[in-house]
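Can you keep this structure in mind? I'll have questions shortly.
Per-chain residue numbering starts at 1, and chain names A, B, C and D are given in the order in which the chains are listed.
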Amino acid sequence: MDLTYTGAQQEFRHQARAWLAAHVPGDPLPSLETAEGFAAHRAWEAELHAGGWSVVSWPRRYGGRDAGLTEWLVFEEEYYAAGAPARVSQNGIGLLAPTLFAHGTEEQRARILPPMAGGGTVWAQAWSEPEAGSDLAALRSRAVRTDGGWLLHGHKTWSSRAAFADRAFGLFRTDPDARRHRGLTYLMFGLRAPGVTVRPIGRLDGRPAFAELFLDGVLVPDEDVIGAPGEGWRIAMSATGDERGLTLRSPGRYLAAADRLVRLWRERGEDPGLRDRVADAVIGARAYRLFTAAAAAGGTAAAESSLNKLFWSEYDIALHETALDLLGAEGEFADHAWAEGYTFALAGPIYAGTNEIQRDIVAERLLGLPKGRR
Amino acid sequence: MDLTYTGAQQEFRHQARAWLAAHVPGDPLPSLETAEGFAAHRAWEAELHAGGWSVVSWPRRYGGRDAGLTEWLVFEEEYYAAGAPARVSQNGIGLLAPTLFAHGTEEQRARILPPMAGGGTVWAQAWSEPEAGSDLAALRSRAVRTDGGWLLHGHKTWSSRAAFADRAFGLFRTDPDARRHRGLTYLMFGLRAPGVTVRPIGRLDGRPAFAELFLDGVLVPDEDVIGAPGEGWRIAMSATGDERGLTLRSPGRYLAAADRLVRLWRERGEDPGLRDRVADAVIGARAYRLFTAAAAAGGTAAAESSLNKLFWSEYDIALHETALDLLGAEGEFADHAWAEGYTFALAGPIYAGTNEIQRDIVAERLLGLPKGRR
Amino acid sequence: MRFRLTDEQRAFAGSLNALLSASGTPAAARSWAAGDTRPGRALWSRLAEAGVFALAVPEAYEGGLGPRPVEVAVAFTELGRHAVPGPVVETVAAAALLARLAERGLGAPARRLLPPLASGALTATLPSAHGWALDAGTADVTLVADAAAGELRLAPGHGPVRTSADPARRLARPSPGGELLAAGPRVAEAARYAADWAALATAAQSLGVGYALLDRTVAYVGLRTQFGAAVGSFQAVKHRLADTLLGLAFARPLLHGAALSLRTADIAAAKAAAGDAAYAAARTALQLHGAVGYTEELDLALWLRKARPLRAAWGDPAWCRAQVLADAG
Amino acid sequence: MRFRLTDEQRAFAGSLNALLSASGTPAAARSWAAGDTRPGRALWSRLAEAGVFALAVPEAYEGGLGPRPVEVAVAFTELGRHAVPGPVVETVAAAALLARLAERGLGAPARRLLPPLASGALTATLPSAHGWALDAGTADVTLVADAAAGELRLAPGHGPVRTSADPARRLARPSPGGELLAAGPRVAEAARYAADWAALATAAQSLGVGYALLDRTVAYVGLRTQFGAAVGSFQAVKHRLADTLLGLAFARPLLHGAALSLRTADIAAAKAAAGDAAYAAARTALQLHGAVGYTEELDLALWLRKARPLRAAWGDPAWCRAQVLADAG
């Protein structure tokens, strides 16, 4: 059992650090939930890609460095420690790409991954529907067979990034007679294709962090179906396993955030009344890093990714609440550096499977408790 | 709306304070969960009764002062502020007596209440059974009709005080054909009567705070049945309503405990890391006093007593945890003044209806949420 | 001792509730956030007619009904329940400040300003300890008490306006200088007294915000179904809502007790409890609404965004608890 | 980097688990609490044979297998899981202290005491910062490091014995004086090093206690029915147990990371997390067992009563967090 890095891994860390030090913008970019900020973040993705740091864990032929999980974790630590911008390509890189690696065709990977890596195509997710939130199997939007493809009809919502993104992926009902999990198909479609209406939705701070999608006969060619028709649920479940796992929230993000919190606490005179909560932020970031390292070394059971998701989502809120409490009455200013992070953190226990569902999963699959009626 | 006391109430407070100052033992009595301590507490009840302070809210003819609820609350504040002993007669005064006032006969009241008030008869409760804890309607112990009375058979457990008490009260199944709530009868019986075996049970600190009762043909004369046979559930529910309400935990107890906690915090150098938790103990005691005062002024709905029980039981544990944290490694000593209080507090969320049940009640009866499967 | 609201006080709460339900209050709050204060000022006039701004104005002044701190607690609970925008707390605190100065012999500013404050003709604000004043950009007058100099002034303007996480709250620092209203050592004491009234009214607002969040969430989970059942029938959901009610139900008597005593420590205890209970209600409301609660589109957002700023305003949790301990034991 | 226990380490944990399961450990703990240490000493010999007390003894000494802090963490998790009584933590810390002094040139006490400590022939204790030493009444040797005087002594006796909330823990203050084992400025540093080992082993015990409580409670609620259903099928029960696992699952890697680095701040972080997680497990276990959990009769009580004392021993939560912050940023 060890926590040491190889010489090559240390060299990789130094390379990443040096590149980031030279390239990370001195001033924070505008929020990526604005048109201006989205464009700036897209440009940053291109710069990152040009440096070879956009998708370090991918094969070289798609723009990556063939880096292992440990290297990826190292890169993420350096990325957040450098104060680098949020990743506008997160939905694509974290959710769609693993699905394509597992279930896509070589043609799809060669066509889709390179522009994803360079920010040329930014992806939105299109999972939820108004009546299917936690209960994803209740989806109603449908894809109807047509010549050489499918026509999409229906209504998706909470589509992250969709206000400004280029394309989206999600599940559609292709067999109207099959119930619940069955008869769903995993598809990709363009957000500016004929028949798509995107209605941005403002989140609590008013920024259009997601959108509703109204789909009226949107054509999806067969080449944009992932896996076999009717296999969507199985494919998506492996993707949502990833969504709850390592790739959604890297430890580097929280190590850097805990460092910022300690600095804030010091700057504000080390209020001893908040000492334990600041220490818990440090302890929690370390715990998350080590939990992740253990998962990386041992392989993660799907239900363990529920523990992971519960941890980071509640940790993130607690950390930001502590920061806002340190700021006192000044903590209410919307333009404060901690305010956007707080708003972002608040969504954590809701999306990617609510924390209520995650606790049910932990209790039933890891502890073996009887399935209740919920 | 006011919080002022009448001149008579203030005079009552001063009388109580003066009597307590003159009579409360200088050294704490031994724990009432020991034979020696039980005897000492019984003697204290007699002294309290001789002074006329044992049951201030009862009618004078049974040993009380006809005091109103406000006076009773005043007395309790003075009682705990004076550091007076725990009340070994609590089960009788708090649970059985209200039942007798509501459902007993005048003969029963005249026979039972005076020795209860003076500590001559100390009462234990005999509600739970091994398979009927939170689910009290699952009781199995039975009373079989005999000439002029009933014969008890069965097995009761978690009978508080029963290791040393004189008599007990509880519910027994008198109609074997009636299911669940129906066919239960409210009875009283002697703990040293033929057919009773008392097996004391040590609680976590080893003290026999409760006992199992094995009942094998114990004779209960008709005069010791409260209300009509078969009416036991209805009668007991009104008593458990009281148990969760004002009379189980008076605010005076927590006001005094919060004061002791603040003194401990000051003595230990006012650790600012525990400042907020000490303040919350002060705030909570005040909140509980005022909530009680509002309930006293407005009448309490039965479901509101669930809020009350949730509050004091969790407050009491939080307060003692804060005290033990203030003591650091010394907090583990079993003979420390805070240790017994902590052990006692730990039972709070379990007995008198678990806090899980109380939350179900609050959600369903106060908030009107749908009854689930639990 | 009769620690319950009188029939008159209950009727007053009920009439404010009815008035605000009928007055398009959420729309007024959204307009206020967008920079259009006209619907909010119209609402202000109706609240003034109902007597809300006269409660801190002594009866000796034209239009005055006060001082009536219990009625302030009752009224501001309703203002919180309906997310009324504007410097409502600050206007009441300004009246308390002026009335206190007058009691101490400095009556001129009170004679000039209390009648129009009571009638609703004038809105007022004043900065709290961190120097920012709510709605300094739109209030008619901004009072600035300089405790060190012993001066009360009418600020001549204000600095840049900043928006709060609650977009209906805009804050600015008053400009220095301006007309001198009063001078002397009593200014500092009157400012502390005004801060107590502000904290009391803010605690009441928090409580109302918490109850609004609870009520809306209970209604939502009763209707929303997932996995074939009402979300409100899941035990974890029920227990979380029960805990939310528990927090609010024990903050409420603290608020009323503080209004009766007007002691700083009692007000601080009420504010700590109400602020925490309302914030917990917001966390619960957001989680149990799920994604739809995370948007600005539901009116729910009006309360969700208000809970945390109110918890910090006019005495944050740490300050409140320090006051409680300074007074305890 | 391969941050997982090796197969050998897992096998070691498994063999200790089997040994302790087969050795009547709960009965030994009850005897120890009642003052009869013989079953506990017999268990001690078996643990020594398995190598537990040799892990902090350097290989250079007869019987030594160490220093192996990761194996200490692994072993003490199992000792906690089985509620092993006696000064197990203190014996390992005493070995660390003596080994450290020897590394710094003061080797005589190590040569004399380390071999019998490793073999299990000798049990040892030493006081923590508050001056009380676990089992000073029954341990074979009590080491007292006086940091100010720079002296390490063998205590000649002890004061009155006090019982902990965990009756298997009895504490006493060592008597002053006694044989001088070592002197010089290195004593203080070695004592700090020993306290780190003690904190690490205590954190591991806590973690094991927490897992034992969780496992027993999961088993109980699967069998116990109320209202016609297994208690473990109620969502509130399931969620509380999920949270208990969450706390333990994130404390475990902190423990292993601290064993690898042996840095004071890392050990403190692990101890804070493991102590809190185990205490939360105890609260959960008690609540979900209900009244039967509140008795001393179920073996559950062995763990319930241990969680809080271990959380406070060798660095209470506040101290641990202060160490973390002193090192952070």
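Going forward, a residue touches a chain if its C-beta (ideal position, glycine included) is under 8 Å from a C-beta of that chain, and two chains touch if they have at least 3 such contacts.
Just so it is clear, the structure is predicted and the values come from calculations on it, not from any experiment.
For the interfaces B-D and C-D, the C-beta contact count is higher for B-D.
Using mean Cα coordinates as chain centres, the one most removed from subunit D is C. Separating the CA-averaged centres of subunit C and subunit D is a span of 52 Å. Look at where the CA atoms of subunit A average out and do the same for subunit D: the two points lie 40 Å apart.
Across the assembly, subunit A contributes 271, 273, 275-276, 356, 359, 372-374 as residues in contact with two or more other chains. Counting partner chains per residue, subunit D shows two or more touched chains at residues 229, 234-237, 239, 317-318, 321. For subunit D in complex with subunit B, the touching residues are 128-130, 132, 162-167, 169, 171, 226-227, 229, 234, 236-237, 286-287, 290-291, 293-297, 301, 304-305, 308-309, 312-313, 316-319, 321.
Subunit B meets subunit A in the complex at residues 271-273, 275-276, 372-373. In the complex of the two chains, the subunit A residues touching subunit C come out as 128, 133-135, 138, 157-158, 201-206, 210, 271, 273-274, 324-325, 328-335, 339, 342-343, 346-347, 349-351, 354-356, 359, 373-374. Across the complex, subunit B meets subunit C through its residues 1-6, 9, 70, 258-259, 262-263, 265-266, 275-276, 278-280, 282-284, 286-288, 290-291, 293-294, 296-298, 304, 307, 310-311, 356, 358-360, 362-364, 366-372, 374. Contact residues on subunit D toward subunit C in their complex (touch as defined above): 234-236, 239.
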